[in-house]
Amino acid sequence: MTATTARRLGFRQPSVIPGFGLTLGLTLSWLALIVLIPLAALFLKTTELSFDQFLAVVTSRRALNALKISFGLSLIAAFINLIFGFIVVWALVRYEFPGKRVFDALIDIPFALPTAVAGIALTTLFAENGWLGSLLVPLGIKVSFTPLGILIALVFIGLPFVVRTVQPVLLDLDLELEEAAETLGANRWQVITKVILPVIGPSLLTGFALSFARAVGEYGSVIFIAGNLPNVSEIAPLLIVIRLEEFKYADATAIAVVMLLASFVLLLAINRLQRWSEVRTGRL
Amino acid sequence: MSVAAGTLATRTPSSSQDSRRRIVAEPAPVRWLIVGVALLFLTVFLVVPLVAVFYQAFSRGVWPYLGALTHPDAVAAIKLTLMVAAISVSLNLVFGLIAAWAIAKFEFRGKSVLITLIDLPFSISPVISGLVFVLLFGAQGFFGGYLQEHDVRIIFALPGIVLATVLVTFPFVARELIPLMQQQGTQEEEAAISLGASGLQTFFRVTLPNVKWALLYGVLLCNARAMGEFGAVSVVSGHIRGETNTMPLHIEILYNEYQFMASFAVASLLALLALVTLIAKVVLEKYVGAE
Amino acid sequence: MKRLLTGIIASVTLSVATHAADVTLLNVSYDPTRELYADINKAFAAKYQAETGKSIEIKQSHGGSGRQARSVIDGLPADVVTLALAYDIDEVAQRGALAADWQTKLPQNASPYTSTFVFLVRKGNPKGIKDWDDLAKPGVKVITPNPKTSGGARWNYLGAWGYALKKPGGTEDSAKAFVKAIFANVPVLDTGARGSTVTFVERNVGDVLIAWENEAFLSINEFGKDKFDIVVPSITILAEPPVAVVDKVVDKKGTRAAAEAYLKFIYTKEGQEIAAKNYYRPRDPEVAKKYENVFPKVALFTIDEVFGGWKVAQKKHFADKGVFDEIYSQ
């Protein structure tokens, strides 16, 4: 393909490498088949509701509470993962300690472990007669069947994200920068806040957003440990399932659409953030 | 650019760099505090749940454990899970390579939207991933009437379970490859083409060897997720024993039948597969580091 | 690509779908009947083989009654449905999979066995729970599944309602307040009967579980008589879990004869014995007499008497913005 035809097509830069049309075509077809058409079905089903009905469904007290619980707890879980994830990354990258490689490998466990298994294991652990639950009960802390239980499950499944997004950036960080700052008289705290955080900040945010996005939709691990009480510990995906079981398909899809749009906006924001950070750190 | 699943793998191999790391700047107590907090956090959230699974699985000894795994329903679930994983992973493998080629080797408009769309399944609630196929292929769904007339079963059968799994694991291979292939640029391919290699030759002799470890890693992650998917599969499975129950569903069933030991036994097998995946990953990283 | 995909899927489906048995039935049932139908299937398969010379395999699918009905509506090819309550089968019938008058096709409202709801309490009954009233008292933790998703929970909700209504001076308003007070005591709302039992028995949550009678017996057998007691309330609801052949599926598969024989088998002496052994109350008077020591005598009211049937009850209590939603939104 010559430069002129490419310019005529107007949407891609010329290249000598073949296969653009074929691979992009296949990519789009496969994407349409597996992702876009099914998701379109979701929107189509929602159109069975009038706009007022749609609003009524998604703004009912129970739906609002479920969304609030899902989004709120996911936000807190992502925040916990942000802080502890950063501590873990720091320990893994900067320090030596026994068993470091093992712990490093274990970080991915929540990613590979089936969510139902995670749910059952966490419930067993944190039940009042479980290993950890029995330690917490005397302190007056109840985990299983409370919003706190949901939070624990969400922290568990979101744990790898902050660690795995920040790790490569922190590894790449040029130590000379820090040393330079220190020779110029900056103390350790200033080095961390003025030199290190600005560089790893975007990746921290990305990890935070990813762990948040993953937590919002989580179902398998949460239903076992949550009390599933409406307005208290009922998550949005469970409400979708409940609406389905009441044979209310359109209502279920309405809640699903809200969640889907939120996810899409979030992902777009993450991609923007990444681009912005790449531009900032001069990697693009 | 490295979002979603991709980020999890694109790690600089750490082994060679560790030795160059300077002695830490923080005072020892701070250092130990940080390591202590990190280890405590990881122990409570990762190690203890994992130990609990195996502890419960072997709570009645080895023979009941093996008995639980060789029960006909368990065997059927294991077989189904392996088959679903094999099909979904190969489909996503092929797609991942094709998509990565299109996205990484060419510059075109709308690329970031395309990437976001590929990422999207990653943040869709698994329940929704199952629901969409019910809406399409269920008896009341958009194609339901046609399918029933022609006696084709999609949901509550293998194809539905595969579709839901493919959707859930959609981004994994592609997102693993795209950042790496973008980073590697197009010079090597351009050189090969200008030396007269065909497109396919270039792909198999130049591109593929360059990304093989990332590809393998993407496949491993994709596989782990495919075998462990619960929410989406639960919606489309129909829960027919010995026929459409995958391992995660079988675990739930056993749990609901008060067969806790057996439930954890099957769970431990899945956890074991996850561990093997992670060990394979560590080995891979060593190889990559050595190269 | 697409052709390749369908090719793979078709070949794999074929290899999965090959069965050894001459006839295969799928029984889509609700949560607590796992053990019951495992026994029934075994006995029926032996009998069927002896009578017809053909082998038969009955596959089971269990889950919350509502979810199971939804699956059948969405095309799960059930030859027979054996659900927790008539309303769920009505929903299936409404979408054309079986005739609207399905409940007249088999004797006794198409319910070959009945059950009721009792209270499972911790050993020695530390909270002194004797009747429905005690469930509404402050400080008592009650475990029940979610009536929106569990058939059993709908029955026990109506049981509590009926009790309050039948009390001297009971009115719709007092019944609503009573049921609301009970649900204010519920710390965990599982989606199915089995989930609730696991929560109560294994997780040690709650003081009392409102359970299917058979679930209560089963829990005691599974987890030991030294851990739990069964408390029978003064009056409770007669639960009639119905069974039906799914016309659309059996006519297509040609399994009508086998499916009908299967359901009729549950009404035979042998079937009734199996039901009784699994702690479902048999309909057959003789079998009932034989097992009368097993089942506590309790005053029972039916849904038709108090609520005017399932359709009315469902619409009033469990539909969107029904009484149950009001209880949780106030």
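Labels for the chains are A, B and C, by order of writing; each one numbers its residues from 1.
Heads up, the rule we're going with is that a residue touches a chain if its C-beta (ideal position, glycine included) is under 8 Å from a C-beta of that chain, and two chains touch if they have at least 3 such contacts.
It should be emphasised that the depicted structure is a prediction, and the values quoted were computed from it without experimental measurement.
Touching chain B and chain C at once are the following chains: A.
Inter-chain contacts peak for the pair A-B, counting C-beta pairs in contact. One simple way to say how far apart two chains are is to compare their mean CA positions; for chain B and chain C this gives 37 Å.
As a whole-number value, the distance joining the C-alpha centres of chain A and chain C reads 38 Å.
For the pair chain A and chain B, the distance between C-alpha centroids works out to 15 Å. Shown for chain C are the residues in touch with two or more other chains, namely 73, 202.
The set of chain A residues that touch two or more partner chains comprises 26, 30, 241, 244.
For chain B, residues touching at least two other chains, in rising order: 140-141, 255. On the chain C side of its complex with chain B, the touching residues are 5, 8-9, 12-13, 16, 26, 31, 34, 59-63, 71, 73-77, 95, 192, 194-195, 198, 201-202, 222-223, 252. Interface residues of chain A, counted against chain C in their complex, comprise 26, 29-30, 33, 61-62, 123, 127-129, 144-145, 223, 227-231, 234, 238, 241-242, 244-248, 251. Put simply, chain A touches chain B in their complex at residues 11-13, 15-20, 23-24, 26-27, 30-31, 34-39, 41-42, 44-45, 84, 87-88, 90-97, 101, 103-118, 120-122, 124-125, 131-132, 152, 155-156, 159-161, 164-165, 167-168, 171-172, 175, 178, 182, 188, 191, 206-207, 210, 213-214, 216-220, 236-237, 240-241, 244, 249, 252-253, 256, 259-260, 263-264, 266-268, 270-271, 274-275, 278. Those residues of chain B whose C-beta lies close enough to touch chain C in the complex are 80, 83, 87, 91, 134, 137-141, 144, 147-148, 151, 153, 155-159, 162, 238-243, 253, 255-258, 260. Within the complex formed with chain A, the residues of chain B that make contact are 1-4, 7-8, 10-12, 14, 17-18, 21-22, 24-26, 31, 34-35, 37-39, 41-42, 44-50, 52-53, 56, 95, 98-99, 101-103, 105-110, 112, 114-128, 131-133, 135-136, 140-142, 163, 166-167, 170, 186, 189-190, 193-194, 198-199, 202-203, 221, 224-225, 227-231, 234-235, 247-249, 251-252, 255, 263-264, 267, 270-271, 273-275, 277-279, 281-282.
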